[in-house]
């Protein structure tokens, strides 16, 4: 009910502990991040998000590192501090270098710049770009 | 002065034509997209944005395709239709497949979902994530 | 002039105290939240916002709890931590349960997911949806 | 590959037709909206989104109409024209009146106003609001 | 009820005509913009927004042109095409030049760039900036 | 690599020190803000942003104070706390008064209100506003 209240493993409901156990095993960490401890307030939301996150972020047509870079880029554009911090850490663990992170953040701000001009100058989508 | 007014090459000022010539050469296209024709209303803005776009989007630590995927992801998160359309086309030309695009858009919406939970549940950044 | 500076009741100008008195009476609380103490820097903005908030949030076609849930949902989508915290508290006081809050935050992230697909896939509005 | 390209039922892959059939049955409509025809380009994304939308939007602690009003409110705040149009139609079909829609949009803009002040005035979250 | 439906003066309710008359007189135009004709669906929302717009946009500590430039800048940052188009026209009528508009849009994209870096690099607010 | 890690002048690389020296000289301050110390992690990003900021924010068709007010307005609309705090301080140093700041923040929220209505009511751009 309170903002930012964390539920530790020792105090968590069984269905919450089950998700926490999976996260710890999947990431090889002794404890989950605060985001999961706060979300533990709503076990069903936590379970569904964890399942979706696992499915979407696993290597597929795009590799795991590229996926994390895209996740961070969207979080920056959307102004989410926590997600930027936690997924930059994940990106780094999956191999992203400082040079790659520096290029990624430049693309974020370039895209926002381009988006601004598109809104201001107001051109229609080119016929060649349409289906 | 008017919203969406396009300036064609034939009617463009010399400094605008110079940018248009560079874009056509760099991309191997017979004409530039509407975004550039609308932005031609402000030649200095157009020149500066083209220079920055060239510098940021050239292959570096990240390859050209990955860079375009990040650009598109940010444009989707930011709700920019025109930029999504034009940079999806660029991403495709640089080798992005339908499978990669499908994974990219899922990551965008997953990140927005994660961002929502971070704002709602309101946890502090974990000490381990801080400098 | 400074970021986050709070003006306490004892130090407030008479027109600020008048708004603070109304808020305390309307909500049955001994003191106003930090948001009002910070906004007290600009008494006219504070007065106008309080009048509008009172008018918009009073029960009408929608009941008070539903109104607060919509307010929180928008604040989450917009990434506002403070407003999420303070209006979740208000929603709870107006009867929102944990189950309702959990469903609300899922709708927020579902809508952002749907919005992302609409921007990426780029379809026109269906004629049947138009006036 | 193209922006806004629609895939009609007759031309759709079997797994796309299956989702379209479910949507038509669930909503009692002869054809699906353009959003689904565009998203049909990526059958797996379409299937996953439809499953999630069904689960999240079904009546639960919150009724179906309230859920749609929250969906529309988030779509407005996020600037998504298509989603605003299509989910306002769904809200209306689920019983939302013009008076309820008018109050909802006022809450959206009030919340954005409150969010702006929170960012500008910059107060910390009140201890009483924290966990 | 339908998206984008316009209510013309001839078909408008008396309380809507009253607002339309005021707008036409205040701006010296023979008819109101589409935004007002669409909003005429909800007369109370229209009346309240017009009163607030008049009060906020009148010359005060800031002159009318500067106020419109700020309005346009926010609308660009927020991705609102319609508002960008209509308020750029208003800004021009109040004296904004092409050079001023070009500088304004550069500031918008510079601010979004700076915002991105603040989210990514994640520094705390400097004590000297706090109240 | 860590979120929010600050690099002080004494520990900075030569190319970072060079930018810090320019900022200190240009602003007449003994030390740079935290934003620069955090961005010092990526010297090339820092150099490019400083050059662009200097060029865009110098007096031109718009004066320095008006430019800062626009920068702050965009940062508020975009929910960036740090940028709001730091550029409000810059605006004040360039002559912005409390009355001007109060009017600016009202315009931000009015524009967001107008943007919401434009998305909800969904009118097309008036032909007279088009190029």
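Going in written order, the chains are labelled A, B, C, D, E and F, and every chain counts its residues from 1.
Convention: contacts are C-beta pairs under 8 Å (C-beta built on N, C-alpha and C of every residue); 3 or more make two chains touch, one makes a residue touch a chain.
Just so we're clear, the structure is a prediction, and the values are computed from it rather than from any experiment.
Peer 1: Go through the assembly and pull out the chains touching chain E as well as chain F.
Peer 2: The common neighbours are A, B, C, D.
Peer 1: Tally the contacting C-beta pairs at the A-D interface and at the A-C interface, and name the larger one.
Peer 2: A-D
Peer 1: Report back the single chain whose CA centre is most distant from the CA centre of chain C.
Peer 2: When every chain centre is compared against chain C, the largest gap points to B.
Peer 1: Are the two sides of the chain B and chain C contact the same residues or different ones, given that same means over half of the numbers occur on both copies?
Peer 2: The interface of chain B with chain C is built from mostly shared positions.
Peer 1: Where the centres are mean C-alpha positions, what is the separation of chain C from chain F, in Å?
Peer 2: Measuring from centre to centre gives 26 Å for this pair.
Peer 1: Report, in whole Å, the distance between the mean C-alpha point of chain D and the mean C-alpha point of chain F.
Peer 2: Each chain reduced to its C-alpha mean, chain D and chain F end up 33 Å apart.
Peer 1: Could you check chain A for residues that touch two or more other chains and list them?
Peer 2: Counting only residues that touch two or more other chains, chain A contributes 3-4, 6, 38, 41, 45, 52, 75, 77-81, 84-85, 88-89, 102, 105-106, 108, 112-113, 115, 117, 119, 122, 125, 129-130.
Peer 1: Name the graph shape formed by the protein chains and their touching pairs; answer line, ring, star, complete or other.
Peer 2: Complete.
Peer 1: Help me check something: in the complex, which residues belonging to chain B touch chain C?
Peer 2: Within the complex, chain B touches chain C at residues 72, 75-77, 79-81, 84-85, 88, 105, 108-109, 112-113, 115-117, 119-120, 122.
Peer 1: Note which residues of chain C are touching chain F in the complex, please.
Peer 2: Residue positions touching the partner: 1, 3-4, 41-42, 44-45, 48, 78-80, 125.
Peer 1: Give the list of chain C residues in touch with chain D in this complex.
Peer 2: Answer in residue numbers: 3-4, 6, 33-35, 37-39, 41, 45, 49, 52-53, 56-57, 60-62, 66-67, 69-71, 73-75, 77-78, 80-83, 85-87, 89, 97, 99-100, 102-104, 106-108, 110-115, 117-119, 121-126, 129-130.
Peer 1: Inside the complex, what are the residues of chain C that reach chain A?
Peer 2: 79, 81, 84-85, 88-89, 92, 98, 101-102, 105-106, 122
Peer 1: Quick one: in the complex, what on chain F touches chain B?
Peer 2: 2-6, 38, 52, 125, 129-131
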